[in-house]
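Scrolling down, you'll hit the structures one after another.
You will see two complexes here that share chain A, one where it goes with chain B and one where it goes with chain C.
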Partner chain A sequence: MNARVTQRPALWPAFVATAAVASFAYLFLRAEAQWEVAALAAGAVVALLVLGRTRLGAVVGSAWGARPTPLAWGALLAALVVVALFAEDHFALLMIATVLLYGVACLGLTIQFGYAGVVNFSGAAFFGVGGYTAAVLATHTALPHLLVVAVGGVLAGAIGSLLVLPLLRTRGHYAALITVAFAILFKTFLEVNDTLGGPQGLKVPGMRMLGWSFNDNILVGEDVELSFYLSYAVFSLLLLAGALVLVRRLERSWLGLSLDAVRIDETAASVFGFEVARWKILAFTLGNVLAGVAGAVYAMMTGFVAPASFTIAESLILVSIVILGGVGNPVGVLAATALVVVLPEKLQVIQEYRFLLFSGFVILVLLFRPEGLLPRKLRQYLPGWGRA
Partner chain B sequence: MDLSLLGQYVLNGLMLGTIYAMVAVGFTLFFGVLDVIKFSHGDVLMVGAFTGLVAYLGLSELGVQSNALLSLGVMLAAVLLIALLGAAMARWLVLPLRGAPPINVLLITLMAGTVLREAIRLFYPAGANPKPFPRLLPTDSISFGALTLRFDSAILIALGLASIVAVHLLVTRTKLGLAIRAVAQDSETAQVMGMNFQRVVLVTFAIGSALAALAGVTAGLYYNEINFGMGLLLGVIGFSAAVVGGLGNLYGAILGGFLFAGLQTLGAVWFAVPAYKDVFAFAVVILVMAWRPTGLIAEQSAERV
Partner chain C sequence: MNEAALLRCEGLSVRFGGLTALNGFDLWLREGEILGLIGPNGSGKTTFFNTLTGLYRPASGRAWFAGAEITGLRPQAIYDAGIARTFQRSRLCLPLSVFDNLMIGNHRRLSLGLWFNLFRRTRFAGELQRHVERARALLAAFHPKLPERLFDPAGALGMIDRRRVEVCRALISEPRLLLLDEPSAGMTHDETRELMDDILATRERLPGLSIILIEHEMGVIERVSDRCVVLNFGEKICEGPFATVVADRQVQEAYLGVAA
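For the complex of A and B:
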């Protein structure tokens, strides 16, 4: 036992795994022919099954648990390499950035639902608050765009605080209703409000930062023109990295422990002196801020916002991503985001049937693997701790 | 405002309230026996309306001319088939998730609802377009001074209310109802007493879904148009009505249904832009929840720790 605690697991299997995931992402995004896409998807399923059945998965997992810092830098580097490889490809970069930004929003939901147990069925609405804030502020004011993005997050948090009082007083299905009602209210409000563009929505100017315009292609030398999405992809990647660090730190800290206590048993937690209201407010607001920030960047990237993108159906997709990935596991959430966003785009055959297949798939997961694809593990404060 | 317009608003509100109450009663029944929210309820309603339409087309093909017979056939087909569908969903989607977190049940039924919606959109001939629903009820009207009452609205409201009363009587006056209430109160004790838990649950889901099918046919007959997405908003409104009224309580569901319809009507009269009526109604719902966290007719709950 002692030997295990002191022994540092080897890092190289985890690095190899990161490289494998990155190469897979590259190949998958590059694949054009439908049979290639299908073969790659099937290959991934087989690889995951093998990983689950053998000790390989555990080895990689324990390396991550023991020495996350070098591995996290490695993962960031790998992601940057993938982004760089697609430097001239608009579509691939757009998809990468979309996955990254949705990932940020879903991490927000993870804090709310996975840690504090506050269900939020209006995630897309808070994403939309960020988007509309960006549209209005970037069009009508000269605020620096980094600040616009931040204000988008703050405003999402502030609007979310309108729901805090009813959310704190209710539980379970009653609380679910409040966010469901808000999601519909928000979308209907946008549709009928002419100042905010009505059903057509608003145009959003592209992002400018320190004199750097995100919406121009990048010229390198004379004849190499890099896609303008490259700026957004890198920015989103940094945003996601920041959000991941935040969520990881939060989970590891006493804050995360308190959130867990509140989620697992509210009554018992309050008996032990936890201020349930405080933790719920913290989680709910923080989650909405993340969604708002992601929404603001997403709006600037796509160039327009419309109510149709922020319906309750979109919110439900966000919730199913969180459950699909494994409630409370940020890595699982990212994998699920990639799956949900990219697969339908790549498999054009299923384009028409994607909602049908997606819903069917979620039903199967809920029936046969209710804890999600990558279930959350117990915290490991010490490497190798708790595994005798 | 002149009297006839006011009368129109009241009638329309009553009609909406009846439909909402029918949907809400289903939600409250399911919550009663299993403590679950079956979010596919609105889409089940939509499938009910389409079943009715198919039955109408089939019967007309067979040469049935009488409107009365046709209406009866449409309603029977919808009610019976959807009762089966409801029971099947309970059997294979809801019951296997007993013991899982409630959000999982909510999500799985939600996804089942999406499957139904998408299946109709993709596989019903030209399912993405709205479908005309036949006018089967007499459209004559009688006037009381300025107020005009159309027969079809009157029949539909009466039918809806009658079906709710029937369900209420079934739950309060029959042996089956006793079993449903027993399972709702304490499913373990009910099982110890020899009740067939699964059968009671399936029957409850069949009854609730049948009511939704009837609501779907009612909506079709009233608006003379149905589409694959009609269940989404109706389901959410029915859910809101059931929750605002107080889950697990039949009177609460009825109260919630009419309250929501009243709010929408009020919103439509009040605001210069009538489209704000839904914003208004849902905002009031959120406020009501802040005021009475377990609904207007509060759920009796004591938590064991």
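For the complex of A and C:
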């Protein structure tokens, strides 16, 4: 009769899972000794294998499917707790904020590549557009910084529209090549452009919001000094939460359906009235806006931007994160972002070989699990959808 | 020439480089009629469908549908005018659910505004519920067991159910003209007969619906079509009731080769 669920699955397994993931994140970020890091990583792999083989994973998954709202709040709370536990630790917070901001950019790529099928090998360039926008606007204007971040996103979207015309006229590999060309163009443009600092790049002022300076450590009472990265981590977390809600709702609507239709079969989609160009433009622009917003915040956090940070190699990492995590699955993409950003920082043995290991890993995934570590599931328009 | 024709094509020609895939093709179709379009492989049948639905542009000739000229319109405009089709090689979106596939056919009725979809979730849920019911009703009319598969991936369905879903995807937008491109391809005789039963039942239900059917199985054509048009090397060589057409010498030569 009704597509809504009749019997509500229990929530507690999902809450336990959230707590477990949060505790793991805490332990992993805190671990110093190399053996500790390696043991935790190995433990995670085993836990995931067990989860995949038993009904546990399905139970957690169906709880999320049926009642996502309380679980999402729970996850946000857990993330805040982890952030709070590292309140005095610069390095851990920087890593957390980096994961969160890269996550936002990769969600942008998910809209483009995962949903609309528009490959973007210049993700880092749009991230960079946001960064440079923040550098210029925050230095030379009195614009409120929240607005600066927004303009960073809008500008990334607008510059992306330069690529729209050639992208619409090509398909597949040729479209991909256009974005590769743009990535190279962008870096070269920055390197020879003296007003934008040339190869040395630009300094970026720290974020200020409502009189609150993000770049000052936070003094609590007399002797507790919290890391200034705390502000950035919390802000990035809220940004990511917003991006996740946006991407989720996009996928679970007629918009997501339209993007899928265009990706899977452009010809069939046009025969059923879909305006292929409209959907590709929407996805490409929206994705670039997310990348630009993330780039603006990241630049303000790290205090400087330079062409070397926005190379095609960086773009490739973003694309690989999307492939690794699961094309079109936001949760998988976030897990992959954490893996790719944090693991090399913690496991110093692999630091030097990170690109080698990383590319090997991507090849393995493509060979044996081409849909990514966490493959996308069928669309669930509403909570509890599909249990007829 | 029938003035009250739903569809009328005059002198349609399509060329690919030096190859003339369709040459001066004339065709008319009454409302509610089922027309069988037959001819050997490569005779231009699918090319005609692709031209009619705006995927190919004709080199010359014109077409009218429901009183308005549709020559050279984009596929999206043809769909909006009320022509829907299936494809020779199934083009369902296999990773998507049956429901999603039907909604692709239902494009015309979906509210596609950004604000509505992202922020008016309650109203969206209401619209969604109405479409679920429509989809269920349509599938049930085709086969009583089909609605059970509404939330399964289309790729999990067997061949005949995929074909049914594909026909439903074309029908859900309530077109005035349905183009079926070899619906029996890849199916057994029994399956083909079942599918044709479904199509005939659909016609009973929707008497105004016109259908052009491309088919190689002559038994199917005989059973289903009111009139036949035979193509060979891009040209119409014969037209009329099935019995007339199969008795035609030119048609026999086209299919079997020139008699010694």
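We adopt the following convention: the second predicted complex is superposed on the first by the 375 of 388 C-alpha atoms of A that agree within 3 Å, B and C clash if a C-alpha of one lies under 4 Å from a C-alpha of the other, contacts with A are read in each partner's own complex, and residues count from 1 in each chain.
Quick note on the criterion: a residue touches a chain if its C-beta (ideal position, glycine included) is under 8 Å from a C-beta of that chain, and two chains touch if they have at least 3 such contacts.
No experiment lies behind these values; they were computed from the predicted model shown.
Chemist: Looking at chain A, does chain C or chain B touch more of its residues?
Modeler: Partner touching more chain A residues in the overlay: B.
Chemist: For A:Glu225, is the partner it touches chain B (first), chain C (second), both, or none of the two (neither)?
Modeler: A:Glu225 sits against neither chain B nor chain C.
Chemist: If you stack the two complexes on chain A, which partner ends up touching A:His173: first (chain B), second (chain C), both, or neither?
Modeler: After superposing on A, A:His173 lies in contact with chain B but is clear of chain C.
Chemist: Classify the contacts of A:Ile264 with the two partner chains as first (chain B alone), second (chain C alone), both, or neither.
Modeler: In the superposition, A:Ile264 touches chain C alone.
Chemist: First (chain B), second (chain C), both or neither: which does A:Glu36 touch?
Modeler: After superposition on chain A, A:Glu36 lies in contact with neither partner.
Chemist: In the overlaid three-chain picture, which partner chain does A:Phe274 touch, first (chain B) or second (chain C), both, or neither?
Modeler: A:Phe274 contacts chain C only, not chain B.
Chemist: Which partner does A:Leu356 reach: the first (chain B), the second (chain C), both, or neither?
Modeler: In the superposed model, A:Leu356 contacts chain B only, not chain C.
Chemist: So which bits of chain A does chain B touch that chain C touches too?
Modeler: In chain A, residues 265, 267-268, 271 are touched by chain B and also by chain C.
Chemist: Enumerate the contact residues on chain A facing chain B in the complex.
Modeler: Contact set of chain A toward chain B: 113, 119, 163, 165-166, 169-174, 176-178, 180-182, 184-185, 188-189, 191-192, 265, 267-268, 271, 312-313, 316, 319-320, 323, 352-353, 355-356, 358-360, 362-363, 366-367, 370.
Chemist: Can you check the complex and tell me which residues of chain A touch chain C?
Modeler: Of all residues in chain A, those touching chain C are 3, 246, 249-250, 253-255, 257-258, 260-261, 264-265, 267-275, 282, 378-379, 381-382, 385-388.
Chemist: Sort out for me which residues of chain C touch chain A in the complex.
Modeler: Chain C reaches chain A through residues 53-55, 74-76, 78-80, 84-85, 87, 91, 93-97, 100, 103-105, 107-108, 110-112, 114, 117-119, 121, 124-125, 128-129, 132, 147-148, 150-151, 153, 169, 173.
Chemist: Which residues of chain B touch chain A in the complex?
Modeler: Contacts found on chain B: 31, 37, 93, 96-97, 100, 102-104, 106-108, 110-112, 114-115, 118-119, 122, 232-233, 236, 239-240, 243-244, 247, 273, 275-276, 278-279, 282-283, 285-287, 289-290, 293-295, 303, 305.
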